[in-house]
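In structure tokens below, several structures.
Both complexes shown next keep subunit A, but they swap its partner, so subunit B is in the first and subunit C is in the second.
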Partner chain A sequence: MAAVSAVVRKDLRLEARAFESVPAMLMFSVTTFVLFHFGLDRGALAGDLAAGVLWVTLLLAAVLGMNRLFATEHEQGGFDGFLLAPVDRTALFVAKATVLFAFLVAAELIAVPAFALLLLEPGAGQALPELVAVLALADAGIAVVGTLVGALGVQTRARELMIPLLALPLLIPVIIGAAEATAPLFAAAGAEPLPGRWLAVLALYDAVFALLAYAVFDFLLED
Partner chain B sequence: MTFGRGLRPFSIASAVLVTAAFALVFFYAPNDADQGFIYKIFYLHVPLAIVALCGFVAGGVYGIKYLRSGERADDLRSYVAIHISLILAVGVLITGSIWARASWGHWWVWDEPTLVSFLIVFLLYACYQPLRFSIEDPERQARYAAVFSIVAGAFVPLNFMAVRMADSLTHPRVLSTTGGSMTGEMRLTFYTALAGMACLFITLWKYELASKSASIQLRSLKRRLAGDDGLAPLARSSAPQQL
Partner chain C sequence: MAAATADSPDAVALEGVGRAYGERVALRDVTFTLPAGATVAVFGANGAGKTTLLRILAMLLRPHAGVARVLGAALPREAWKARGQVGLLGHEPLLYRDLTARENLRYHARLHRVAPRRGDDLLERVGLAARADDPVRTLSRGMAQRAAICRTVLHDPSLLLLDEPLANLDPGGAAAVAPLIGRGSGHARVLISHDVEQGLAEADWVLGLRAGRQALWAPGDQVSAADVRGLYA
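Entry: the complex of A and B
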């Protein structure tokens, strides 16, 4: 526990001083919303189109966070330092997943209101608690898979290429679940009830991948 | 390492079963009332898909074995299983596309969960070889590939479940709990084709294993004869190069 909080505090302090991940994710999201505005040539989106644009953007922004997640450890020898410390290796996984989750939340705190302001049809999207629930479950899935893939990809030669190639197919169930669950919330005629089974799919996905990552993460650190 | 054991019976069995399956497909199985002759591609398409998916999962199982035992032979088994499944998966996508064109009128149908989830699995496994290729240290390459094969192997059923929840009824459920809509003749043909494909997969897997291990052993013998200087350096490869 102490190791987890130490790594989390280290990463958050690094982010607060160097601004490497969150601003990049945020700028990317807002720029992509503008791109979608011109690409689709639409002033306002509603329903499944709005949900799709939001989730594709957030997922691609999350990839930026994954790319950076282990970069400092890899470049500055942080892995060796961590392996020398007498702590459980799973602590690094838990800490990094927490950090990625925190980065996602921080970016979304501005990106989602920006999306509502720039692209969402006025009148759509008045179901904030439901949207927060979907965001939290999807972020947890992205954080778990992103940490695993980030650790896998950081040791390869083409890091910036391998991480998205591996992460995006793995995250397709998340985007299906999140987009399907968000679409009724963004209905043009006002929010419709949240489809519970998609939340269940997201929760199941999170649970399965958390267990899986817990089982295999140690092998990514062994040296 | 004797990977060649049982090659001959497996080769004979797959030759017999595949020939029998095609004979049954062409001369015994009845034509479908709606789709006529073209539906018979199903006797190739579905066994290919099932065997490819089982091969992916088997790659994950050997990945687990490698992580537990640290034996390079298990890494080789995992690699070859995924490699051959990937080739079969290309066949699945092509035959599925032909079938879709013939019976639904389009080469690709997006609201079809089985098709889409297979494509996702294929895209994921298409990264397996690039991942291996981009890691130079052979030990780390094997370990990371094993982690990938385990995660991806567990992803296969989860992905099918998620995509299938979109509830489409276009794609025939050939192996549903009620036995689908197959008649006895069709079922006999289908199971023969499935057994033939499974046998063919195992045979190809064993051949590839035997060939890979033979060339690895040949190289180590050459090194013993000529020394390190007498050998051309190994090119970087996604396949395991040591046993």
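Entry: the complex of A and C
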């Protein structure tokens, strides 16, 4: 736990100083919502369409965070520094997934209200508590897969291309589950109950990929 | 300090160690034993395999051939036993440029479970106390090298792996770091140097590499500067 905490604190400090990930994710999300606002030319979105716009945008914004997640380690010797220490290598996975999760939450704190303001009917915020549950489960899945793919992709020359190419197909189940779970919350006739089945799908996805990532992450750090 | 004792295992024991990068063989059939607390100076032209050797000993690269033991731990199977007892000072300082020297050392102290105060003490010893709270990217190369030396010895390692440790240091800086990484530090050392006279002065043993092969292994007092220069011919 000490190693996880050390890496998380270090990464949050670096982000607070360099502003490389969260502002990029946030600007991308808000700009995309503005583009949808004008591009779709509708008063407001509802149901499947609103859920799809929200989740595709958040997922693409997350890719920006994945691209930067291991960049400092790769460019400034952080991998070597970590590997020289007498700590479990999976601590790096847990720490980086936690950091990516935190970055996603930080960006969504502004991006989701901006989405509601630009693309939803007034009053759609009533479904916020249910939406938070979906966001938490989907963000966990994105963080786990993003960390795994980020560690793999950072070793390649075409990092900015490889990471989305690897991550987006793997995250299709997340976008299906999150959009299906969110659509009833944005129903035109008012928020409907949260579909528990899709929350369970998201939770299962998170658990399976967390175990998978835990098992293979060590090998990604091998020379 | 990690002092050598009669019961200490050899710091390094290599037998026929080799390593390749794809088709290119970077290191081939390297065999030597370095007793605890002793220093080996490694000489060789660029591309001779010095850095590859250092990274194998640091457990950052797996040997592809032969048997390698570091501090008694067989690599790579028992690397976990020796990890944390090795200090690596390579070409890169392994410091985050946007963090201060003090923050970098506190980060590494947490990873190595060392008291944070140890980093502050080391910064003072190398004359960096006044710049300890400046981001590393604002430090001169010599200052960054001093901070990197603090990182290297932060956890009081038994084996130091040093690649041109005095690079970029002025005479005052070199004198300040000598008690930490010099001969009197008590650590076993694998020292890569292109300064032949200085390397020989520090060495109990000399290892010469040529095109990845072991071209020389002899006690330091039996090797002349001319012998070493022959490795670069």
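Here is the rule we go by: the second predicted complex is superposed on the first by the 220 of 223 C-alpha atoms of A that agree within 3 Å, B and C clash if a C-alpha of one lies under 4 Å from a C-alpha of the other, contacts with A are read in each partner's own complex, and residues count from 1 in each chain.
In this section, a contact is a pair of C-beta atoms (placed from the backbone, for glycine too) under 8 Å apart; a residue touches a chain by one contact, two chains touch by 3 or more.
What you see is a predicted model; the values in this text were computed from it and never measured.
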Please determine, from the superposition on subunit A, whether subunit B and subunit C clash or fit. fit
For A:E222, is the partner it touches subunit B (first), subunit C (second), both, or none of the two (neither)? both
With the two structures laid over each other on chain A, which partner does A:D80 touch: subunit B (first), subunit C (second), both, or neither? second
Partner chain in contact with A:L212 - subunit B first, subunit C second, else both or neither: first
In this superposition, the partner of subunit A with more touched residues, subunit B or subunit C, is B
So in the superposed three-chain picture, is A:V132 touching just subunit B, just subunit C, both, or none of them (first/second/both/neither)? neither
One more residue to check, A:L40. First (subunit B), second (subunit C), both or neither? neither
Mind working out whether A:L109 is in touch with subunit B, subunit C, both or neither, as first, second, both or neither? neither
Looking at subunit B versus subunit C in the superposed three-chain picture, what is their shortest Cα distance in Å? 5
Subunit A positions touched by subunit B in one structure and by subunit C in the second: 222-223
Please output the residues of subunit A touching subunit C within their complex, sorted ascending. 2-3, 5-6, 9-10, 13-14, 17-18, 72, 76-78, 80-87, 222-223
List of subunit B residues in touch with subunit A within their complex: 67, 120-121, 123-124, 127, 130-131, 134-136, 140, 143-144, 146-148, 150-152, 154-155, 158-159, 161-163, 165-166
Note: in the complex, subunit A contacts subunit B through residues 148, 152, 155-158, 162, 165-166, 169-170, 172-173, 176-177, 180, 197, 201, 204-205, 208-209, 212-213, 215-216, 219-220, 222-223
List the residues on subunit C that touch subunit A in their complex, please. 58-62, 80, 83-88, 90, 92-99, 103, 107-108, 110-113, 135, 151
